[in-house]
Amino acid sequence: MLQFDDLRLRVGGTPILRGVTLEVAAGEAVGLVGESGSGKSMTVKSVVRLLPPGSRTEGAVRFDGVDVSSLDAAGLRRMRSRDVAMVFQDPRAVVNPVRTIGDFLTEVLRDQGVGRTEATRRAARALSEVGIGDAVRRLHQRPYELSGGLLQRVVIAAALLTGPRLILADEPTTALDVTTQEEVVAILNEQRAARQVALMFITHDLELAAAVCDRIAVMYAGEIVEVLPAAALHAGARHPYTRALLNSRPGAVAPGERLRTVPGVPQSALTAPPGCVFADRCPHAEARCREVRPVFDGSAACHLLEAR
Amino acid sequence: MSAMSIPMPLRKPAAKRGAAPVAGLFCALIVLVAIFAPWIAPYDPDALDPLNAHAPLSARHLLGTDDLGRDLFSRLIHGARTSLAGPLIVILAAGTAGAILAITAAWFGGWFDALISRTLDVLFAFPGLVLAITVAALFGSGFVTPVAALSLAFVPVIARVMRAAALRERNLPYIEALRVQGFSGWHICVRHLVPNLAPLLMVQAAIGFGYAMIDLASISFLGLGLQPPAADWGLMIANGQPSILAGFPQQSIAAAVAVVITVVAFTAVAERLATRFGGDHAPVR
Amino acid sequence: MILEVRDLRKEFTGVVAVDGVSFAVREGGSLAVVGESGSGKTTCARIVTGLEKATSGTVELRGSVQMVFQDPYQSLDRRQTVRGCLDEVLAHHRKDRSRTAELLDLVGLDRALGDALPRHLSGGQRQRVAIARALAAEPRLLVLDEAVAALDVSIQAQILNLLVDARAATGVAYLFITHDLSVVRHVCEDVVVMSRGKVVEAGPVARVLGAPEHEYTRRLVASVPRAGWTPTRAVSRD
Amino acid sequence: MTRASLLAGGHQPDPAALAEIRARYHLDDPFPVQYWHWLSGLLSGDPGTSMVLKEPVTALIGARIGNTVLLVAYAGLLILLLGVTAGVVAAVGGRRVDQALTVITTVLMAAPAFVAAILLIWLFATTLSWFPVYGSGTGFTDRIHHLTLPALALSGGYLAYVSRITRTEVRAELAADHVAAARVRGLPRWTVLRRHVLRNAAPPIVAVSGVTVAGLFAATAVAEQAFGVAGLGSLLVQSAARQDMVVVQALSLLLVTVFVLVNMLVDVLNAVLDPRLARAGAV
């Protein structure tokens, strides 16, 4: 249903994405994991063309086989309002602070010609579906009267309200406490399964991605370095960067032991070397890693893995 | 912050980047002209030549002469002195007082902050022009009275912006880290807080300079500042007003253009500083 | 005990942020205070370091205390070089200026970065400078307020290793304020769990996080994503 | 010449008359006492009588307040309509439009009312004669006709300022996350602009416009003086030049009161527009 075909993105001459190739099937959940500057957020935003001014893309993002860059204004609007919904990191920044929760939930429906009473009824139902009781009172409240976790559930309810086939979730729980995160993620999982909606889930937490998604794509410096089934995260991770991420977590070793860290700082697409993006930090790097860029073979991009 | 804010293009349009150095050069030039006025001006600005009144623009009199035959170009050059010195004094006085009040208020907080803030609010309710006119009525017109009144009126304008900034700065973790280190409040203020606020104060002063210049010129124009025969831009505009109707607009127009160009130049420099160091514009009053 | 906090209480205009909290840190020990936002854990840290005054209760500190803050981007003076920052602290505490290089080595920063301004440094590097600055005064207790929370995973690992090394090298005790239980397991010996201003459970890390007794601790431990974890919807608590 | 001899109207006034005048106007008392006499008079509803014009202050103000209110309303309308519109257009209209408007507003902001006034006088006195350049006029239409140039001169700089603030605020909202979110939800451009951008940018714009309009009362001094309009501003300037303190005090108090009242009105309006402020105020 969704295809990234060698997507490259530059913003004002600065490279952000260096060739992203990925497919998301209908109803499938794909996790996009990486550190800051890896380009995971821009990858997802390119689906709905929410790109900064001065962006230039090469390659294609196809939704239902249609290149989104070829859509005209009306087509883009139709896709945004009916087919794809987005959930952001900070719900407080995303819900208009001077309007009511009810306004936020119903405005897209109203724009699509749904009557006021009907829109309100559907908004109230959507709230109860994401576990918010007392929906009628909530509809009249304003964002500052709700906690962050509650507000993120409102955002999810709004995303589900128009019956999309794909939800883009950009670190939807990073700003939340861990117990709230569990509830929000559980609701997202449950509603997604019930409605057969596809999901792209951005996070920096590998374990969280594994719990939410069917497949995980690991990004580094504007590239996807490895794609693997969520169930095989621990046993099946092969790319040195994925392994490094897994080993960097404090839980990876027994308490008191040293964490197996990789030296240096995360690269961005701008500073990426000519060869493998991870070569300068990789503990196993060889001469060819620094010179020749490895090809992504559908599961990983690494010279060392090709050899085996 | 959130990952989704779309960054604004950082590059300024080429035209604006090109304008700032030109404006800066002009500011430097006008200051030099003011300092060396007696050596630059071709004529004595007060020399009367009634037979040659309202002379047109010519090689002898670049901008012509006024109703009393005085050389307008020379008067314009001499006028730069009071026209620049006034705002300069206002900004130095109000900037110093405003910054000290703002930083002490923000630093000590509590009732001290409340006292200073409320006092500034009351003072802020007096528009600079009204304050200057009232003071002129009390103590008479001249150079000192309006400058003193405007200095007072500009204190709350600068202090408000600086207090907000100082409050923001004071709550940053690096200040708290210094407090945990055991540094004295005086050390933190003088060595860290003040130097970090200095760029904003510079911006405020540069913006305020333009406003002070306009206000002082307004007071001169109203006849409550410098008195004839002084060569001052605001006064020249007022003095030239009757001649406009007679068809000789040079005096008013020349002085008006001088005021506008100077204010534009200083404001352009201020805005360049502001985009470089951040900070808000002072509210107009 | 290097630090003993007894019956701490802090009110902010009508809101009780910290309510009857007691804990202690052993000489050279490492205590974590964990909790979610609004639990009062950061307020406790700020009271210990003197940034806030307690409404009631006592803080007994035997030795000097320093602090490392969460935000690596705002905890350094933007106009001061790394060397200037460390020199200032060393001079203030009447320590030998020549220790600047030694401190840079201790926190794993290239000596050439001494002349760099904060804006030239990455988040991890800045946090190293902040740790070096805190250690410059040779404190007996270091309060770390979410000191690794803002860092990327691979950088966080580097800093955690650095903290373990620094404690071994200097014998400084840690008071670790965090919401991240895996970090607690990795660097701390004892833990205090806080919720809504109160301590709900305290004890050795292995016991409290391994076999939690209080219902809140149980939920906290259960909601951390891990291998084989399935998120479940708890009783909705609007 | 002392103020008492000025009032007695001669070079060699009769000492007895002089003493009588000094007593009547409390001129021998120290300044705070003089001020107290004036203030207590004001509180009992009588701001006093002009020492120079020998007319009650209330009558002087009453005869001129209409012109000033009309002038402020006229200029305020221009500022709000043109300023806000230009600001919104600059923010959403693309780079060329933005640059052109920036140049215009920069010049306007640097052109104070008296500069604008002499340029307008020059233009309309010598070249065009659509509007009169002097006097207040009689009757509503004639007064509007007479007040057009003063209103234009008065509003120029403020108009530019309001337009700048509007542009900044609208651009800030355009870059806000909730606006991006609204666009991603597929709302039409105009709906996003109206319901999210303009609605949210309104409170600061209202605040700045309010302070600006409040400040207009003080600024009328220049415009009225330049165009010979008989209003409160020109009365203030003329009284100051004559050191007629009774009138100056009454007028500056009136202007400051209006300034404070308009500011309070703006605060109330803002609390209605932005529910967050209302809540912060209530806690």
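By written order: A, B, C and D. Residues from 1 in each chain.
Throughout what follows, a contact is a pair of C-beta atoms (placed from the backbone, for glycine too) under 8 Å apart; a residue touches a chain by one contact, two chains touch by 3 or more.
The model shown is predicted, which means the values in this text are computed figures rather than measured ones.
Remark: among chain pairs A-D and B-D, B-D carries the greater number of C-beta contacts.
Centroid distances from subunit C, each centroid being the mean of CA atoms, peak for D. Here the chain at the heart of the structure, going by C-alpha means, is B.
Between subunit A and subunit B, the centres computed from C-alpha atoms are 51 Å apart. Mean C-alpha position of subunit B lies 20 Å from that of subunit D. For the pair subunit C and subunit D, the distance between C-alpha centroids works out to 55 Å. Each of residues 50, 88, 90, 93-94 in subunit A touches at least two other chains. In subunit B, the residues touching two or more other chains are 2, 4-6, 8. The set of subunit C residues that touch two or more partner chains is empty. The touching residues of subunit B, when paired with subunit C in their complex, are 172-174, 176-183, 191-192, 195-196. Of all the residues in subunit D, the ones that touch subunit B in their complex are 95, 99, 102, 106-107, 109-115, 118-119, 121-122, 125-126, 133, 157-158, 161, 164, 171, 175-177, 180-181, 208, 211-212, 215, 217-219, 221-222, 225-226, 236-237, 239-241, 243-245, 248-249, 252, 255-256, 259-260, 263. Residues 2, 4-6, 8, 13, 15-16, 125-127, 129-131, 133-134, 136-138, 140-141, 210, 214, 217-218, 221-224, 234, 237-238, 240-241, 244-245, 247, 249, 252-253, 256, 259-261, 263-264, 267-268, 281, 283-285 of subunit B touch subunit D in their complex. On subunit A, the positions that touch subunit D within their shared complex are 48, 50, 73, 76-82, 85-86, 88, 90, 93-99, 107-108, 111, 142, 144, 158, 162.
Put simply, subunit C touches subunit A in their complex at residues 36-37, 122, 124-125, 152-158, 160-161, 164, 179-183, 185-187, 205-206, 219-220, 222-227, 229-234, 236, 238.
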